[in-house]
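Both of the next two complexes hold subunit A, though its partner changes from subunit B to subunit C.
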Partner chain A sequence: MKKLLEIKDLKVNFHTYLGEVQAVRGVSFHVNQGEIVALVGESGCGKSVTAKSIMKLLPTAFSHYKSGEILYHSMDLLKVQEKEMETIRGNEISMIFQDPMTSLNPTSKIGEQIIEGLMKHKKVSKSEAYRKAKELLELVGIPQPEKRMNQYPHEFSGGMRQRVVIAMALVCEPQLIIADEPTTALDVTIQAQILKLIKDLQFKLNTSVILITHDLGVVAEICDRVVVMYAGEVVESGKVEEIFANPSHPYTKGLMKSVPRLDMSRNESLYSIVGSPPNLLHPPNGCAFYSRCEYAMKVCQKHSPNLMEINTTQQTACWLYHPMANPVEKESMGGM
Partner chain B sequence: MLKYIFKRFLWSILTLWAVITVTFMIMHFIPGDPFAREGTMPEAVYKNLNEHYHLDQPLFIQYTRYLTSLIQFDFGPSLKSNTMTVNDFIKQGFPVSLHLGTQAILLAVVLGMILGVVAAYNRNKWQDYLSMILAIVGISVPSFIMATFLINFFAVKWGIFPVATWKSWAHTVLPTIALSMMPMAFIARLMRSSMLEVLSQDYMITAKAKGLKGKFILIHYAIKNAILPVVTVLGILTANLITGSFIIESIFGIPGIGELFVKGIFNRDYPVILGSTVFYSMILIFLIFIIDIAYTWLDPRIKVIGENN
Partner chain C sequence: MYTLIKKDEPFISIHHLSKYYHSGKGRQVKAVNNLSFDIYPGETVGLVGESGCGKSTAGKTILRLHEPTRGEVFYKGRNIFDLSRKSLVGLRKEMQIIFQDPYSSLNPRMTVEDLIGEPLDIHKTHKGKQRKDRIIQLLELVGLNHDHLNRYPHEFSGGQRQRIGIARALALNPKFIVCDEPISALDVSIQAQIVNLLKELQEKLGLTYLFIAHDLSMVKYISDRILVMYLGHMVELASSEALCNDPLHPYSQALLSAVPVPEPHSKREKIELNGEIPSPIDPPSGCVFRTRCKHAASICTEKQPEWKEVKKGHFTACHLYK
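Entry: the complex of A and B
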């Protein structure tokens, strides 16, 4: 399979009046052509910042890319000029944001908002663009597209708006779609519809998708691979089956245990990982998960582990998987 | 939409009527009398004058008489001038004030918006500070100081523009600038805060994520949304400017209608005071009506509220 996007050791800092916030601290992962990759992890772990970095949408005034590469078709996006970036955004890589209530321009008609990207990138005529927009609205399941195109965002419900946003993201037939919690703001039944829609469209158009979500059920259902982030780092990545059947990093294990199951007894309380993630203003020298980890060892406090291959598809950043790790401790992991 | 316009129109008429009635009543209940102070006036002349201007009739008759003439756009006679009616005063002065005011408001809107946009796009940089210093100067320096300052430098010292009076276009430049400073500063500040609000909205990131050009985003996303609060105040600002400023008109010796009102008050010339108040209200209410209609066109969210009512 061909790699469409590869992020290598990305580090992003924010300048705040308290100091430098190290929001992303060496993230590496890749996205193959035609696959859906889930980006999961606790709130504040740097998922959105990573996503926005790919599109270079972070505010230039108070953020900066400290190091790393974002290779898209082996071109480093971090080195690309703003002018050229404009031709990639929305055209080759597009983004679906979390809140459809605020991500559309309230004073422009839906149709105009869909075609403006198309007209900019593909140099098509207005009537052709409108025809394409109509097709797309049909595709994402908006009835009476012709009439709807002449309406404004406030005339749409939340679910319908998110469909519009999806149509907008698809309009130039991008190779990569980044969906940052696309259903968090919607009610449950609509969530399922929207996710199914994304999955269907991805299948039909063979685009790649990075899906940021907190919902592991969704991950299991529609994603191919999972990247788990913690405190600005990738702690584990692998195929969905591997991550769910064999989570290796203690954080991933905790995450899996905190998912409610059908076979749980009524009075069994839901598992949650104790403690809270470290402050990214002063991240620890050692493993960021050290203070919350049940299996913490001496080495974890001093030295931060790099990603290690467990097998050809699964990687984890945990000292327990280091070849030199004490086999006894490894055993105790298996028994949980 | 038509229904909405019609409704707004009826409201405008109603508001105007209320303004006229209240002004009329106040005018008649404040102590004093237009002819009382001319102490040497014989009793018979005084009586005749009152009779001539119907001031001896019951208030209600006077009121209905005034309303009927107003409907025919007749503001009545002036009590102090036997040759000119209030209509004559307005006809003479208003075109001048309108000309000056229109130029001033255009200048204020264009410059104010540019300053506001530049300030917001360069928040906390020197462009921002410079614009806001200009705005503070514009708001806090009284117009008579600004006018004398302009005359001193541009007319007296450098001789670029004429000092005063109202003849060629060059004569209009300095009073236009002097008159536009305050509204310009006001619009700049309003535009800046409105822009800052818009720039922080999610849809601005959406626009960028679509790969749209910076200029396109500025016009179609930023300004189009940020301009709405500015449009709301435009009615009042325009009405104030085109109905003349007593101070600017006196300083530059401009024959506008700004001085009409003030002279009317000094002379206790009831029809003139009443007429200029009503005239000002008419213009204000008319402009607010126009702005309301324009607003529904600029902000699609308003239309729904209007139609649901």
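Entry: the complex of A and C
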């Protein structure tokens, strides 16, 4: 399989008046051609910042890339000039944002916004763009697209706005779609339609997708591989079957246990991982999960673990999997 | 143990509530049609349905953040739509909303301290050190801390912003909270924290919730009863167990089957809904769901199904049930 995108040791800081927020702290992962990769992790762990880095959309005045490479077709996007980046954005890589309002102009009609995007990227006539815009809205399940094209974003419900944003991202049939919680605002039946749409695109056009989501049901349903982040770092990655059947990092295990299930009783308390993630202004020297980990050892407090191979496809950043780790401690993991 | 304080008197009573929006060229968006149900003290009613079916509109109209087109909402025996602006201010303290969208609902130019302090200032409940203590207490309640006081919304992740919204809603010790998809933007472990938190607060403070969501596994977990809406209409209402184990309406059945299961390669069958969602500008005649319903018969085009109690406490509007 060919690698379409490879991120190596990406570090991103934000300047705030309290100091440097280390939002992304050495993230590495890759996406193969035609693959759907899930990016999961606790709120604030750096998923959106990683995604925006790929698009080079971070505010340059407040943020900087401390190190790393983002290789797209072996070209380092971090070294590409803004002008060239503009043609990559939308044409080759497009992003569906977590917040649909940031991608929509509140003062302009929905139809105009899609038509404008089409004419800019596809160089088609206005009437052709109109026809295509209508088609795209139908594709994402907006009823009466002709009427809807004449309305403004605020006249759409949250979910409908998100579908418009998805339609806009699909305009140019990009090679890589970065979808930042694209279905979070949608109900399950529409979510099922959108996921099918993403899956279809991947199948038909061999599109690669980075899907940021916190819904592990969605991950299980359409993703090939999973990258788990915690406090700005990758703590585990592997094939979707591996992560669900055999989560290895204690954070991933906790995440799996927090999933509510339809067959759960209302009287049970939901499992949640106690404590909160570290302050990224002053991240700890050791493992970032140390203070919340049920299996923490001495070494964890002092030294941050690197990714270790569990097998050729699954990796985890946890001292418990170090070849020299005490086997008794490994044993106790089974009971989680 | 989580107990249901179901007194006979409803806490909030919604009678034939409708809300239409004007949408240019004399067209009307029939966002909410003829909603009638009661919410009992200390109860959580879950409100679910397709995107655009009118859940947020219903929630906001029940709080009179929107004026209704028709209908009444009784709170403490009074129709809130008859209240003067002045009495409405008092009502605002008791009834709060946590907004769906953690981005646009927070003023980007205000710090966290001011955002959470704002309701305290408007209602003049806390001053000086007391105010600051209360703000820190609220931050801690939602899993943030005093380090965050002087930061602005854009410096937070989506989930963190939602927690700021929750802290704001809790500031005045409300009795009733409309939670408009408060956890949709959060990851599962924080969802669990927030839901446990909302349940804990409910027990401690005797809160009553209208909990809007589209994640049925979470709604089932937090709600005593669940109301399902479709295209502005109520289609089913039952206890959450009955609704999830024995859904009657074909739409509820599809909704349940579409919940993604956290198991790769699961073989579970999904009921796929065909056709597109009709527009609330021009809803179908008869039953609003008929264009996507596999059981649709001629009567469904002709006649709007009545709202009936099919089993004890289990209501639905569908011609399949006589």
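Following the convention adopted for this analysis, the second predicted complex is superposed on the first by the 301 of 336 C-alpha atoms of A that agree within 3 Å, B and C clash if a C-alpha of one lies under 4 Å from a C-alpha of the other, contacts with A are read in each partner's own complex, and residues count from 1 in each chain.
We adopt the following convention: contacts are C-beta pairs under 8 Å (C-beta built on N, C-alpha and C of every residue); 3 or more make two chains touch, one makes a residue touch a chain.
Small disclaimer: the values here were computed from a predicted structure and weren't measured.
Colleague: Under the stated touch criterion, which partner chain does A:55 make contact with: subunit B (first), subunit C (second), both, or neither?
Modeller: A:55: touches subunit B, not subunit C.
Colleague: Looking at A:244 after the superposition, I want to know if it touches subunit B, subunit C, both of them or none. Which is it: first, second, both, neither?
Modeller: second
Colleague: Quick one: is A:43 in contact with subunit B, with subunit C, with both, or with neither? Answer first, second, both or neither.
Modeller: second
Colleague: Output check: A:168 vs subunit B and subunit C. Expected answer is one of first, second, both, neither. What do you get?
Modeller: first
Colleague: Decide which partner touches more residues of subunit A, taking subunit B and subunit C as the two options.
Modeller: C
Colleague: Report for A:108: first if it touches subunit B alone, second if subunit C alone, otherwise both or neither.
Modeller: first
Colleague: Is A:88 contacted by the first partner subunit B, the second partner subunit C, both or neither?
Modeller: A:88: touches subunit B, not subunit C.
Colleague: May I ask you to decide whether A:202 touches subunit B, subunit C, both, or neither, giving the answer as first, second, both or neither?
Modeller: Neither: A:202 stays clear of subunit B and subunit C.
Colleague: So subunit A touches subunit B in one structure and subunit C in the other; where do those two contact lists coincide?
Modeller: Correct list for subunit A: 99, 102, 155.
Colleague: Can you list the subunit A residues touching subunit B in their complex?
Modeller: Touch residues, subunit A against subunit B: 55, 57, 85-91, 94-95, 97, 99, 102-108, 116-117, 120-121, 152, 154-155, 165, 168.
Colleague: How about subunit B: which of its residues touch subunit A in the complex?
Modeller: By the definition above, subunit B touches subunit A via 201-203, 205-213, 216, 220-221, 224-225, 298-301, 304.
Colleague: Across the complex, what residues on subunit A touch subunit C?
Modeller: These residues of subunit A touch subunit C: 14, 16, 18, 21, 40-45, 48, 98-99, 101-102, 138, 141-144, 147-148, 150-151, 155-160, 162-163, 181, 184-192, 195, 214-221, 240-241, 244, 254-256, 258-262, 264, 266-267, 269-273, 276, 279, 281.
Colleague: Residues of subunit C touching subunit A in their complex?
Modeller: Those residues of subunit C that touch subunit A are 1-2, 21, 23-24, 27, 29, 48-52, 56, 100-101, 103-104, 143, 147, 150-151, 155-160, 181, 184-193, 195-196, 214-218, 220-222, 240, 244, 254-256, 258-266, 270, 272-273, 276-279, 281-282.
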